[in-house]
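In what follows, chain A forms one complex with chain B and a second complex with chain C.
So, the complex of A and B:
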């Protein structure tokens, strides 16, 4: 398959990137791991020049760092790096788990977290965990930086709040509290290379009386924009983690999905399945165990 | 534009159009047709090569991005004019039927074995999950990789 003509610009620093953006006339696509962009490029008119800004050499954006209570992830960190990161496995296991389930190893070796967020697919695998972690993105331009919650940055399917002169440089969130457990469920047609049909990200903790004292719940592939389910979280907080409560939480989640999306062709399937996934996610996080931090990497 | 890269331990300095992929560069510019063109959307893994130590889909790498990179393709596997232990193992275990997926399978397997010389069956399956084979049912391929790792 042919690619359209490309005006290719490679930069090594953010300053060079800002200069290139300012000098470029017309639309500019930012190239990172290119597992999404190259496929999109093949759909474009072959005779129209595409401006491509390759930021993959900006080494500053390739690190996962701890900064006190915060974890900061550079936007060029690959899914393989996320999946293997000891920092994430310790403090935000569900993000490492979600990254390990993306595409195939070849895709995970190239695809980046920044690209996954900016592509803003409704079934992006890193997004539900980031929303459950209340993560924020930093957008940088020649005029400075602004910070937005991931849930506000994604405006709809394949739409974000990124302005054309901005580069997503960093994703940051607070480490989960000590003793907090997390789990991510991805439902696809097969394990490898599947696009998620539904996802659920759950983060939670019990207090010493056995009541739920911390809960964050974010479904994926089910709402028009990614969001935490505050209403369902309220049902769960300060309650005992019983099977009945989890069933109720799952059913309420499915109702909220229908309220937000209306009845669609997929509703008959998604309604009971989303309810079941929420229940399973809650069971996984609150099941009695001495293990802190979920180490399971695949929900096969 | 000019790019400099190393392919199978040989240095190349090549003038290219920026709108070609690493797969196009290997097959059409350099005649290294061992790397197969399959789906071109990163689903089948037939075009897998090793770039800077990692298995990648060469159909999803823009050639300009390989400037300064080190690439290994299936043509780079043989050692001193002989097939590598991994390649021989594929033959011994009849892990090759139609052969179209084989170069990609070999490269995914090599990337795994270079990092993890004694992988478990699960680790082998994860490493080749991005490589489709429609003939063998994968069993012989997994066995071939597993046997290579034994002393």
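So, the complex of A and C:
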């Protein structure tokens, strides 16, 4: 494979990384798991990728930690780590589930959560779960840190709020409340090495009276920017979990997709299918029979 | 038999699994340069100017060759001589080669390509094959853009339809298919003393490459030697097009007098190398109320791309297979290979048959539906049996296993029970079961008679090992293993004592191409011929050792014994040693010419192929009625290949072919925009993965072919050919839709459901 000539810098600590950023002239791209950047490099866009800062050796960013009610995930945590994490399986199962569906084993072993967010592909598999978890990202630079919700950090397809001197270091969110269940659905064109065509992330819980008391819903690959659907959540909150309601929620979600993206060649297919997936996601989370913390993986 | 019919390990498994097998890109020679091809950016344009001056000035560039620099003929000969190696004043598709650069590194070669300044005068392009035929059209080829027209005329078609109680007519469309071999195209050309040249590369047909290199360089054939490297998949995609790659590498090597390596990138490979022909098929079938076929009338068009390549014979195999493995008294077929300003199509596993099989089998399944008859029963009524004649009038005198495959597959899949059970599904997912029955003409047939020959060379060495060579190639299909088994069985030695040398044009005479599932029959028979004189010598020598006469002796396992007195015997190894001590000639050549075929082109009648293989596929699917996704649950495939020389390899072919056929049926799609392929890599050209693989149940049926080695017929292509219609039939069974276009993507299934809802 032929790659353009680049200035490649590898660092072992964040301090070294900040120094490298400060000393660097011109555009700088950050390399974490290499699964997106390497493909970008083959396009030979020299201006954008003059300098490559390889942060993959910064071990501090490779841990998933519990911190009271919070879960903190280092930005270099791989998809394999996410998929296998007992902490996530217990407190945010849909994120582990989504990570397990990314690419192939090799890609999951290399690709990182930070890279998945910063690449900001509209079909990034970790993003809808993170949005449904109200996750926040920490951006660090020599001047300090700032914290942004994932939904605000991603500005559009392949666009983020990251400034050129910042490194995304941490992703954090609150553990899901006790009794809350979650589910992630990915629709692709095959079962492995699949790029999502539609995704649905659902988190929810019923109260003692059987009404929905907690609901967060984030579709993926269907909106210009990742977002929770507050309007649909409002339709659902404090209601009984009925089939009709779920059908209605699905249809409303599909309408919102069209309002936000307009009619495209794919709309005729995606509209009914997104509605069905949202309905299925809700059914999965609110169905009565299964155990607490259901993490059953739906493969397609 | 000791070795035939046994699943010995693949001869090349270990070195491939451990990554030790050297492929073309692993080759290196001192002073080697790297080549890169400059390609057309327009589907149809005059080349006003090709300015290489800037590129030549780049440091590290050694040579740039355009059509003007070709010393011999600017020609890639396949069937009709219309394709140049490098465009000469005119380009006819995006990706057509214009110039070849040779430089010190691949990076410099690539940069130099970008510096070549090409001035185009764009011409109107024809991209739709249905608009290609005719005189008002933009001219791509000849007067009417038709590369070939083949036909069948049998019986009286009008009378046939008059006798029919029901007539079903449909139009079908089938897509491109990309071979998706793991190893992209590649060649290394090395100049030799005496003005000769060696070509090492990934290919199916070394003798084709030899011809092209000879034509391009103006060298006689005896100066061009072609050596096949380990070949990482081919599926037909390395039949004719490696001649282009080899010709390009050879041109650079010849001009620079240095070794030159040319390896295509995946994108380059997908945009410029051959594909399966997209098909447009109008199919009309007449049948009695009792389910007997009375008439079949077909018109079909293959979108052949910019040059004729193999299209004429792809089309010919298409017509022979278009009516299916059925008794049909009245047949009329007209088929056209038409030119378009797109990448030239060529050979792909099945070679023109999967397109017409999809149409023909869907017709049969829909007719069964219309008659309220089980599709299995409809097959039972119409399939060919010994004594019947095919649509081309060929009398089938033996080795017709289709009935057995039908019963084996449907029995194993438990057809009746599943059909009943699946019809009761009521949820959001519905299951269904579907069927296809197919046949396959083995070898080149009457369409390629002049190439229907093979050579072999066998030598028994003094350490009792054996080496042999053939003119056909191993491309992953397992030929090395099967032929090694045949030689070991013949000579009374163990499988491990036999080694197949790399295929090399200097070892055996021109043996034709490795295509058409012909290698087992053709090279197997040539090897048996080559073994004969050696075996005679061994019997003669054994007779001396046993104080007997050769005619009283026979081979038995790894010994030679007296027929009437099995205790009087001598080990083959001892005999071999004695032969060498006596200065006997322990090497021999073998030659085999295919059994006769015949063809009347006006009527499309004759003995099209010397033998046929047969198969029945049963597919079971689950359809999601809300997302329109299809999950193939299982494929039960019964194949008659005469004799399974290595049953595990046969099963492997059935598994791989089933998956490739499933991809063709459900997901594979080459997307184009104004003649440009917009998905030239494997993240966007979707093929099935291991996680999409259904349970495949392979079943072996053996109806021996009397002219085949140990009764074997050809088989390699067949597992792919009938999968798509079996899968779409299963989808139809599940949700009651009619699918006439491949691939059956979720979108197409949704559309079909809508049409059904609207009562269309």
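Just so we're on the same page, the second predicted complex is superposed on the first by the 291 of 300 C-alpha atoms of A that agree within 3 Å, B and C clash if a C-alpha of one lies under 4 Å from a C-alpha of the other, contacts with A are read in each partner's own complex, and residues count from 1 in each chain.
Operating definition for what follows: a contact is a pair of C-beta atoms (placed from the backbone, for glycine too) under 8 Å apart; a residue touches a chain by one contact, two chains touch by 3 or more.
Note that this is a predicted model, so its numbers are computed, not measured.
Participant: Please work out whether A:109 is in contact with chain B alone, chain C alone, both, or neither, and reply first, second, both or neither.
Facilitator: Only chain B; A:109 stays clear of chain C.
Participant: Go through the superposed model and pick first if A:56 touches only chain B, second if only chain C, both, or neither.
Facilitator: In the superposed model, A:56 contacts chain B only, not chain C.
Participant: Contact-wise, after the overlay, does A:79 reach chain B, chain C, both or neither (first, second, both, neither)?
Facilitator: In the superposition, A:79 contacts neither chain B nor chain C.
Participant: Quick one: classify A:6 as touching chain B (first), chain C (second), both or neither.
Facilitator: So A:6 only meets chain B here.
Participant: Looking at A:89, would you say it contacts chain B, chain C, both, or neither? Reply first, second, both or neither.
Facilitator: neither
Participant: Have a look at where A:272 lands relative to chain B and chain C in the superposition and call it first, second, both or neither.
Facilitator: second
Participant: Identify the partner contact of A:192: answer first if only chain B is touched, second if only chain C is, both if each is, neither if none is.
Facilitator: both
Participant: Go through the superposed model and pick first if A:183 touches only chain B, second if only chain C, both, or neither.
Facilitator: Neither partner.
Participant: Between chain C and chain B, which one touches more residues of chain A when both complexes sit on the common chain A?
Facilitator: B
Participant: Could you pull out which residues of chain A sit against chain B in one structure and against chain C in the other?
Facilitator: 1-2, 104, 191-193
Participant: Using the touch definition up top, name the residues of chain A that touch chain B in the complex.
Facilitator: Of all residues in chain A, those touching chain B are 1-8, 10, 31, 34-35, 38-39, 42, 52, 54, 56, 80, 103-107, 109-110, 191-193.
Participant: In the complex formed with chain C, which residues of chain A make contact?
Facilitator: Chain A residues touching chain C: 1-2, 104, 187, 189-193, 195, 268-269, 272-273, 276-277, 280, 299-300.
Participant: In the complex, go through chain C and note every residue touching chain A.
Facilitator: Listed in rising order, the residues are 106-107, 110, 265, 626-629, 631, 667, 682-683, 686, 688-692, 745-747, 750.
Participant: Which of the residues in chain B come into contact with chain A in the complex?
Facilitator: Those residues of chain B that touch chain A are 1, 18-21, 40-43, 45, 48, 54-57, 59-62, 64-65, 67, 108, 111, 126-127, 129-131.
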